[in-house]
Each structure stands twice: as structure tokens, then as C-alpha cells.
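Quick one: structure below, then a few questions.
The first chain written gets the first letter, and so on, giving A, B, C and D; residue counts start at 1 in each chain.
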Amino acid sequence: MTGNSFGTIFKVTTFGESHGKCVGCVVDGCPSNIKISEQYIQKELDKRKPGQSSITTQRQEEDRVQIMSGVFEGKTTGTPIMLLILNKDQNSKDYSNIKDIFRPSHGDYTYLEKYGIRDYRGGGRSSARETAARVAAGAIAQKILKEKLNIEFLSYVQQVGNIKTDIDFNSVTQEQIEQNIVRCPNSETAKQIIKLIQETKEQGDSIGGIIQGVIKNVPTGLGEPVFDKLSAQLAKAMMSINATKGFEYGSGFNCVDFKGSEHNDEFYIKNEKVKTKTNNSGGIQAGISNGEIINFRVAFKPTPTISKPQQTVNIHKQETTIQANGRHDPCVLPRAVSIVNAMAALVIMDMYLLNSTLVIARST
Amino acid sequence: MTGNSFGTIFKVTTFGESHGKCVGCVVDGCPSNIKISEQYIQKELDKRKPGQSSITTQRQEEDRVQIMSGVFEGKTTGTPIMLLILNKDQNSKDYSNIKDIFRPSHGDYTYLEKYGIRDYRGGGRSSARETAARVAAGAIAQKILKEKLNIEFLSYVQQVGNIKTDIDFNSVTQEQIEQNIVRCPNSETAKQIIKLIQETKEQGDSIGGIIQGVIKNVPTGLGEPVFDKLSAQLAKAMMSINATKGFEYGSGFNCVDFKGSEHNDEFYIKNEKVKTKTNNSGGIQAGISNGEIINFRVAFKPTPTISKPQQTVNIHKQETTIQANGRHDPCVLPRAVSIVNAMAALVIMDMYLLNSTLVIARST
Amino acid sequence: MTGNSFGTIFKVTTFGESHGKCVGCVVDGCPSNIKISEQYIQKELDKRKPGQSSITTQRQEEDRVQIMSGVFEGKTTGTPIMLLILNKDQNSKDYSNIKDIFRPSHGDYTYLEKYGIRDYRGGGRSSARETAARVAAGAIAQKILKEKLNIEFLSYVQQVGNIKTDIDFNSVTQEQIEQNIVRCPNSETAKQIIKLIQETKEQGDSIGGIIQGVIKNVPTGLGEPVFDKLSAQLAKAMMSINATKGFEYGSGFNCVDFKGSEHNDEFYIKNEKVKTKTNNSGGIQAGISNGEIINFRVAFKPTPTISKPQQTVNIHKQETTIQANGRHDPCVLPRAVSIVNAMAALVIMDMYLLNSTLVIARST
Amino acid sequence: MTGNSFGTIFKVTTFGESHGKCVGCVVDGCPSNIKISEQYIQKELDKRKPGQSSITTQRQEEDRVQIMSGVFEGKTTGTPIMLLILNKDQNSKDYSNIKDIFRPSHGDYTYLEKYGIRDYRGGGRSSARETAARVAAGAIAQKILKEKLNIEFLSYVQQVGNIKTDIDFNSVTQEQIEQNIVRCPNSETAKQIIKLIQETKEQGDSIGGIIQGVIKNVPTGLGEPVFDKLSAQLAKAMMSINATKGFEYGSGFNCVDFKGSEHNDEFYIKNEKVKTKTNNSGGIQAGISNGEIINFRVAFKPTPTISKPQQTVNIHKQETTIQANGRHDPCVLPRAVSIVNAMAALVIMDMYLLNSTLVIARST
């Protein structure tokens, strides 16, 4: 409960620093007898790893995951699964240019204020490198949800800067998303985004954007009102990802453009099932999934690490300037798609298990 | 952990249904020796209560709070504080028109799917009436935070439909907010909003909007990365409120309009303190408060209960129409301001107490 | 998590003080569609209530329970169930003799040290009156477990002072337990115990004893190693009851009298089921139920409130004497049987629901 | 909350199996700026490690701990501390004799029943090897508590079989405890115990005993009634240790031998402090520490692994016999002393941090 764990039943605790020995996680509460391999988890991790394309950071981290516990003869045993990603060359770098300086819009200042000490190497714990552990844990959740319930996670890059695709999220496929390095299912928009990111990179600058989250085949009934609503847990999950600034689901902030009579999702019957004609509810009504496609959007700010010089202060409270010399991502969104899917999967998995406590008691 | 509790240390558990015997809450983990009276809590509750003005529902609920435990001779004892609000006339109504029907964009359908049973009287547990308990609990948190740290909660209505004030949130006062029935600190905009709400009401329709959240004087260091970031907990808190569709803080979704060099909040020194020139971070960096004013926005959808007829289905999976005959709010925002403040206060209070576990251990 | 809640899924939060307005609880996470009535809960409460026989306190508290939320048309709705027991005449007493004095082996001193304030009326929150709320919550758990799984809770008074029954707990029935006012299934021993309690009472003194806990028909698989073992949760549950001093299960402290070859419970097959020949494990192996009868023992100290004069100190750190003038229980055990059963039921219920998260995921 | 985490603020999550790749833990919520080294933790671990003397198992495990995260330049950073102990030769053994057989009074049967799969190598997760991670985590807690509050953990072996020391726990020192291989502070008793263990070992058998827990210098005010009482948390902590059968504190089960007038701890004033003349309360009144020495006893059963042949059944539900050929501990108590101290330290540390949330709010 002190911040580094997520979930009530399917509970993930992450650990590790950017340039320390490792990052990793412990997954407690995973159902037993599920086939899990390092190869499977690695495939998801590779979507997040640095250096995967010309528009991501050119840092080379292998991000090789090892299953250290909780799996026996290829299957989960119901005991905690520890996933470990060792860092390479963690002591080889020179940090003298950032050791005493607060990088603007990074966690350097707030971590030092809170803890009275700061691992300045690559941002330490506040680095987005921590999310590798989330992606690894999320891969396990995604696999179980796919196999048991056919749930699919189909998030993609909808917008970078002012370039946006208006593709219908209801019909987007995994193949479309993975067909280009920016993970935008509209290839024409993808080209424009790639061009924008490259220009921004050449300027020594960075740029933000919006990821469209999509979850298909979620059964009705997931979500635990009144505080642990599905919408509330998704919001928390997304806003816990580095660099996020906003979350909305269904009609989102655009709900102001509607009257109630236009915004309400009217019910009808299709194949003896209750369906809604529209989906302004984003698949969630009163905090509980209603069987429609769950959709949400997450805003990511421009990467704070840029090559341009910036005004700042140091730990001695003196004003100074800083200029990053590193190989940073000019835009985090292409790599963040896998993090959004992972966090969404952790939420759905936990809610599925929590809901099962109602179901089993009712049906016995 | 099954949904009706919020917070780790300052933990609030709410109970009760809209038209049952009562709504209320238990506040566990409240510091001792704090002066609390029913009169003080009542004042906050009155800002949320129905029937307070011409643009809110004309239902008359007194919402009279009673402190049932945890307070002795006017002071908290450190033991659980139970706050009880008895409902009036809970059995006098006729529910035959909604008993078997799913109201569009309400929780009727999802509650029945999840639980296999539904208290249909006024929405039961899914009614926004539950938030009265949150406002009561939040009043205690607000009082402690004001007295100990001078923290102020200054949320207000920023936008209804397409009418929006561009007033600077940094300078808004409590008096400006409470000067009109819509709780918009710009009295000119307020007039336009009142007109819009009244027109909408006459049409038998409803309308949504945006509440600007503002928290002043939060010390640095609050927030528990990596999952219980201050931003993540605020997002969860807000998205757990009925009718919310989106949350953003600082630059929010507008972060896409900036390059990193424009978006980063450069540091400078003022009166020997570290400050930022801009506040795109919304007072939160890497999930931890940085001492600047915390600001966020929450989108509320149009009230789903409207007088206009709507297509829907009933519990027998037959298509039908529904037309509310009740006295509903055409716009929830004026009353929701107190709920936003309450939930923000619960988050800050819990984070303050959690952070104290670091501080005391370090300083002893 | 700040002390007044028990359970992860089936979560009970109690509130209230001995001589305040009320005691009560909120039960969150209760499965839906379960028939529950005030009459049923009352029956369990009556086993704990004061004044029920000549050997319990002659205080007259009706302990009338009201279901305030979470039940609709006689069935649970899956939402929080608030159970309320109003206190009678809470302000009529004179507390001048205990207001400033620490009663020996009561919570007066430690509560004041911890909280800096103390509700001295009848012990306030530290009074065993709080356990009425546990019995009410436990009654719901017992009903569900009986109906779904035929689980029975058959605790009884095994020993008071040095008078002890050696009846075989495996064959004890509810009828035998309830056949006398001391709740000892051996009527001969019961008579001796009643005599001992009456003599002790006449001396203005008090006496302790041991309750034998028995739970029948618990399925295999309950318990969440490595920390939330069934044995660990039972121990915590029992040691959270007022006046308890020790917990043991199966062979307990007598395990020192055995060699491993004698102590191990050898397996055999009976009707195609795996059974153990002996039950030194007390129905729990490695923290998980093994299908045998769960049995444990809980030691209760002599009631600290006695009529004999005692040396003590007051809040001004002056030495003084105290002499209770009240109507106290000379022995808490007869009334504590229902509390032991209630807490055991809360543990089993929570473990059953937690285990269901494994089962449902495996079987889907 | 699914079993492998302990604590609310100072939260320890353990992972790993006996003969898998590793055991270890994540410590979240540790205060920052505390000096911690692998050498310091190793010293505590060495007290638990196998092969340390002639009366413990002759298995040779180095149990070398590595700090993998959360410590920077020798100090804690407030972020999760991952402690890793790699297993040696984990795949070299032959498990054919236990692969399909349920060892009596082990977790083999219940783990398979619960999870539907079982890591049979050396008991897998149910092995006491998991407690190495607890000792490592507990070492950090002990160091902080010693440095901040001078709290000392002085548990020792009080009894093995029917050989018992009656030494006064109030005066026992760390030196006395560590002066012999059995960790009994009375050297004469220690000699007899060593002889008893050696004889038992030669018989291919095992034997249990009692550890006396002692905690000195705990300030008043620790413990969170009504469920998370200090006594309840200690009971849970101890009963979560492998092979434990009972817990008692203060007078414990012997409380039946007293009348209330004899059992109550009368208060007096010493050096202007409130003290008790006796300590039947074991340093805890109403679930809160009262400033006296905390003392408790924990019963450990005879090790279930013995060389003598035993009747049992296999996974095919056939009756069979088993005979351990391994190098097991004939008596776990000498090594368990460090586990008792570790778990006690985790409880006290968590309670200290929880209590600080009250203190800071009151004093600001």
C-alpha cells in the first residue's frame, strides 16, 4: 500500500531503478496451471524496448526477462512470480552533468524533496524504465484473459502533436497497429507522424500525443463500485504511467457538446442480448462493464528530456542551465502503447478475479 | 478492498442507498484530538444538498448529518467516526415505472448483470446520493488540512455546455465561487450558464460541463510512486464520482499543442525557494507534489435522467420507452463542486499521512 | 488498514463505543442474493448479550440490531450492509470514579498514551461491547457458509479456572453446547463451572478459561500462504478479541510432548478420499485447510473489572486505589463463545472468497 | 493481499521456492536515508542458514544475499528494496521418491488440492527456506528500530521436548543467547537440549519446542485496535512461520490459574513514569504497547521430515510408505530464533510507522 503495488487479488509489485542492477516485479495472486514462458513475455517486452526503430531512443537495452519463481515445468503454480530484467552496464556512465541539477519537468526535485536522497543515475526509480516490469506483468494478464475470455487489448497511437487519425477504433486490428513503427493503424497518418517526430528530433526537441485505448470482449459485470469502479481503476492505472496528463473514456471531455437526450446510450435487443445503440459510455456504466467495447484516451506530454538548453536550478539552489546530451525518445507514444495495454490488462484481470468472488458464491 | 472504501490510512467506507433507510460512512484513521462538530460538517453538506436553488433538483432532502461515534466531548478520539444521514420518506414513492426498466446510461442494467438483484428505488446504491457521505467525510479532511497546513480547496464550475469562463484559477477565491448558485467565479459567465441550464430544463433535457479543481498550499512531497502517484490517486478519486467522463491535470490533453522545450516547467529561485516559471505540471512532478498550485479538470456528462422519452429495454429483454417524471437535476455541476473538493481532500489527507511515515522515521 | 477493518474480500469495519450512541459495522463484499433478516442476526446476538443468565453481567442491554443498508426485499444486493445497534441510556451514568483513573489491565492507560484523548465512558472503544458488531457480521458469514458448504461452527467452553471437560470435540453438537448457561457441552462440568463462577463473583473477583474452537466441513484449499495462512488468520482473528491471551491449533503447545514420528498425521484412503489418521495438524497443513475438522483453543484472561480494591494511578501520575461498583461479568467465556464463532466465520468466509479467485480462473 | 505480502506501510512481499532459482523479497515503504549493507543483512541470515552446527541440517546453502534495488551509495532511497538469494544447484537433485507422494504433515497434499499443481522439489514454496527472505527483510527493520528507538529483539529457545529453562527473560542478553549452538541462554539447559536433539537425530526422528519472544524498549502506543492490535499482529506473524502450532503472550494459557485480583497488573509511579508491578499483560494492554517488556511464546512442532518410515498415500490415491533420505533438521528451533525476531521486527516496524500517522498529525 505504499505505492509500488497495483491490484487487490492479481497484485503486481515492481522494483528497480533505471541504471541500478535491475528492474522487475513480483506478481502475486496469479491463477495456477497457466502456461507461461519467458519467450512469450519477451515478445511483449520487445514492443516497449529502446532502440527498436529510428524514431525511438537509440539506447540499446536488451531487456531480457527471466522468470525467477512461481512457474514450474512451464506452468504457474499459484505462488508469486518474480520477473527479473537485469540492466546492462549500469555503472559505466558519467552522471556529473545531472548529479546536482534538477531537470525541468522530471522527478529530480520532487524525489529529493520527498526522500531526502536521490538516485540520480538516469532518473533512478522515476525513470520510465520501470514500466518494463509492468509490461512483463501485463503480458501474463493479457495471456490469461485472451485464453479464458477472448479479451483483446488493441490500443494504438491516435495523435502526435496536431496530427491525428480519425480511424474507427471499433474495427482496428492488431495487424494494422503493428504494421508501422509508430503503432498508428492508419498508415497515411503514421507516415506524417514519423515525419513530425523526426523533425522534432532534429530540432533537439520532443512532442506528445494521445493513445487510444481499446479493450474488446470484456464481459458485463467487471468493476467494484463505488470507489473501485472500472473507470476509476483504469484512470488510476493510466495516470500512474510516466508522462501522462489526462484520461477520458467514452465521450470524455467532449460530453459537454451533447444534451442528455443525445448523450444517453439507448438500449435495444440484438440476438436476445441487451446492447446500446451508441457507446458514449465507453463500455462502462456506473463503473461496471456493460459488454460494449471499452474505449478510452490517454494524453502523454512531450518527453521532458531534450537537447535544447533550458534554465533550471541545482541542489544548492543556484540558477543554472542544462542541456541533455543523451539518446532520448523524441516521442514516447510508439513505445507507450504496450504500457497502456499492460496496465489495462492488470485492471481487467484484477476486476475479473474480484468479480469471481461474487459469481462463485452465487452459483454454488 | 471490495470497492466501498477509499484510502490507505485515512480510510473512508461509505454505505447506503438512495431511497433506503440512510446513507453514511465510517472514517477510520482520523488523527485524534481534532475538534469536529455536526454543524461544521452540515455546512459542507448543504452545498451538495438538493433543492438549494432554482437550477438544482427540487427534491427536498434535509441531508441532516449525525456523528454517531469517534467523537467525544467535541473532539476526535482516533477511533472510527461514523457519520449517518437518514433518508426521509424512503418508502413513500411509486417505482412502478422504473422497476422493470433499464434507464439509458444509468447503472440499472450493469448492477443487475453484476449482482443478479437490484434495488431499483431511485437508483439504489448507484445514485449520486451516495456522494453525500463523501462530502461529509471530506469535510473532516478539509478541516484538518486547513488547520494544520493551510491547504485550501477552491474548485469551481469552469464550463457548462459550450459556455466557459477563462478566469485565472490561480487568483480565484472562495467568496467568488460561492457568490452565485452555479459556483462559477465569473459572475457574467455564471449568468449565461444559469440561462443555459434553465432553457435545457424547460426542454426536459440535461447538460454537462467541466469543473476546475484547485488545491492551494500543498507541501512538496505528497504522492506515493510508482502506482499511488498523487496524479493517479486524484484521477481515481475523480473518476469514482458519478457522471464523470474525464480527468486531466496541468496542461492535460492540451499538452499535444506544445513541444518539450515549451512544455517543460523551468525552475528558478524565489525567496530562496525552488519554484517553476510555468505550471504545465499542475503542481505534480513524477507523481509527487512540487509545491506549486495543484490544478486539474473533471468532465461531467449530462445527467442521464431526462423528461424526454427515450428508447430502452426492460428486464424481460423487451424493447420499450421510458420518460422520467421526476424532479432531476438538469445539470449536476453546481452541486458537484463540493464532491470534487471532498474527494480531493480525501486524497491529500491520505497522502499527507502516508508521507508522514517517511518523515517521522527520518527525523527521529 | 488502520485497524478497524477485517478481511480482504468479505470486509467488516466496526465502529462505536461502549456508552456512545451506538455500536455497529459495515460488511462490504458480501455476495448478493442471500436471504438475511434482522431476526436471524438477532438470534446470534442474543447469545452474546448481557444479562442472559445468572452468571453474566446483570446489565440490561437489548442489543437490537437494525439492517440499515445493503439488503433489499429480504436479500443482499452485493452493496455494503450496515448493521446498527443503538445504545440505550448512554448518557445517564456517572463516570466520576473512573474518569481520571487508569483501571489495571484495561485499555485506559494505553488509549490515552496513543491518542492523547480517551472516551472514559465504560471503556469507550476498548470495551468488549464492540464485539456485538462482530457477532452480527459473523452471523451473516455463518449463514452463507452453512447454506453453500454446510460449514458448522461449534465452539464451546472447555475450561474455566482449573475445571476442564475432556469431551471429544469431534462429536460435540450445537444442542449440547446450548443446553446450559455456561456453554460447556458436558453438563457435569458445566455445573462445576457455574458453581466456580458464582463463588468467584461473590468474592468480588473474576476468572478466566479456555474456549475450544471447532469448525466442521471446511473444504480443502482455504488459506493463502505464506503470510495469510488459515492458521495465521485464525490466530489474528482470535487475538483481536478482548481479553484473549493465547491461541493454539491441533496439538498446539502440547506438540513438545511428541516426537515427529508420533506427531505426523499419516495419510490413508477412506471412500476414495485422502484422510489423516490423527489430527495434530488441527485441520490445517502448511496454512491450508486439509478437509479434517479444524480445531483450536483460545485462552481468555480473568475479567479485569473486579469489585475488590486495587492499587493504581490516575492521569495526574498520582498513586491511588480503585474499586469497581458496576455489574461486570465475573467470567467472559459463556458470552465469548459467540464471538469466537463469529470471528472464525469471518476468516473462513474471506478465505473461501479469496480461494474462489483461483478456482474460477482455473475452471473457466 | 493474496497472501505473500506482510504489513501495511513497511510491506514485505516474499517470492521463491526451495529448489527453484532463488528466494527473496521486496521491501516497500522503508524510510529513506538509512544505511544498509549486504554485510549487515548477511550477518542475520547466517543465524538462520543451514549447516551452521552439528544439530542443524548438514545441507550446505550459502544463502548469500544481494541488494538489487532501493539502496544508493549505501543508503535506502525510499524506493522498493529487492533482496535476492540465489539457490545453488537447484536442478541437481533426484526427486523421484517424493514426486508423487504426499509427505505426512507437510504441505504436499494441501498445495496440490488448492492449486492443482505442485512444485515438489524440496517442498517448493511451502519449504521453510522461504523464511530466509523474511530474515533478510527483518534485518532491515531491526536495524532501523535499534538506531531510532533502541528497540532490541532478544528471542531465545526456552524449551525443546520436555527440557526447559526457567531463566528470567527480563534479564537475558544477546551474548547469552548466542553463546551456544542451540540459542538457549542457560548453558546448562543448552547442553541437555543438544544431547536430546542428537539422540533424536540418531533415532531418525525429530522434536519440537518453544521459543520465548522478547522485545525491549518498545514505546507506548504501538498497535491499531480493534483488529490490528499489536497482540493480533504478533500472533499472525508468528503463526505464519512454518511449523508453528501456538502463540501466547504475557500470562498466556496460564491465565486460567489466576483470579482477576491476582492477574491484573497494578499501576504505580516510578521516576515519574507509569509502570506496572507485574507484567501478565506481556507489555500489551487492549492491543497497544504499554511500555513494559513485550514477551510471548511460540510453539514449534517436531520437523515433519524424518528418516523413519511412515504410512502415507500418493497422488493416485494409493496407500504407500515413505522414508526421507535427506539431511533434515532434527529440531528447527535453533535456526527459528532469527525468524521469530525477524517477524517481530516487521510487526513493530509497521506499527511504529502506522502510529506515526497519528503523531505527526497531532503535533504539527
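Basically, a contact is a pair of C-beta atoms (placed from the backbone, for glycine too) under 8 Å apart; a residue touches a chain by one contact, two chains touch by 3 or more.
This structure is a prediction, so every number in the text was calculated from the model and none was measured.
Steps from chain A to chain C, taking the shortest chain of touch contacts, total 1. Each chain gets a centre from the mean of its Cα atoms; the one farthest from the centre of chain B is D. The centroid of the Cα atoms in chain A and the matching centroid in chain D are 39 Å apart.
The distance from the centre of chain A to the centre of chain B, each centre being the mean of the chain's C-alpha atoms, comes to 26 Å.
Residue positions of chain A with contacts to 2 or more other chains are 1-5, 8-9, 14, 29, 32-33, 78, 114-116, 125, 225, 354, 357-358, 362. Note for the complex: chain A touches chain C at residues 1, 8-9, 29, 31-33, 78, 144, 148-149, 225, 352-354, 356-362, 364. Within the complex formed with chain D, the residues of chain A that make contact are 1-5, 8-11, 13-17, 20-24, 26, 28-29, 32-33, 66, 68-70, 72, 75-82, 114-119, 121, 124-125.
The touching residues of chain A, counted against chain B in their complex, run 1-6, 8, 14, 102, 104-107, 109-111, 113-116, 125-126, 130, 159-162, 200, 203, 205-210, 220-221, 223-229, 231-240, 242, 244-253, 255-261, 263-269, 272, 274, 276-277, 280-282, 285-291, 297, 299-306, 308, 310-313, 317-319, 354-355, 357-358, 362.
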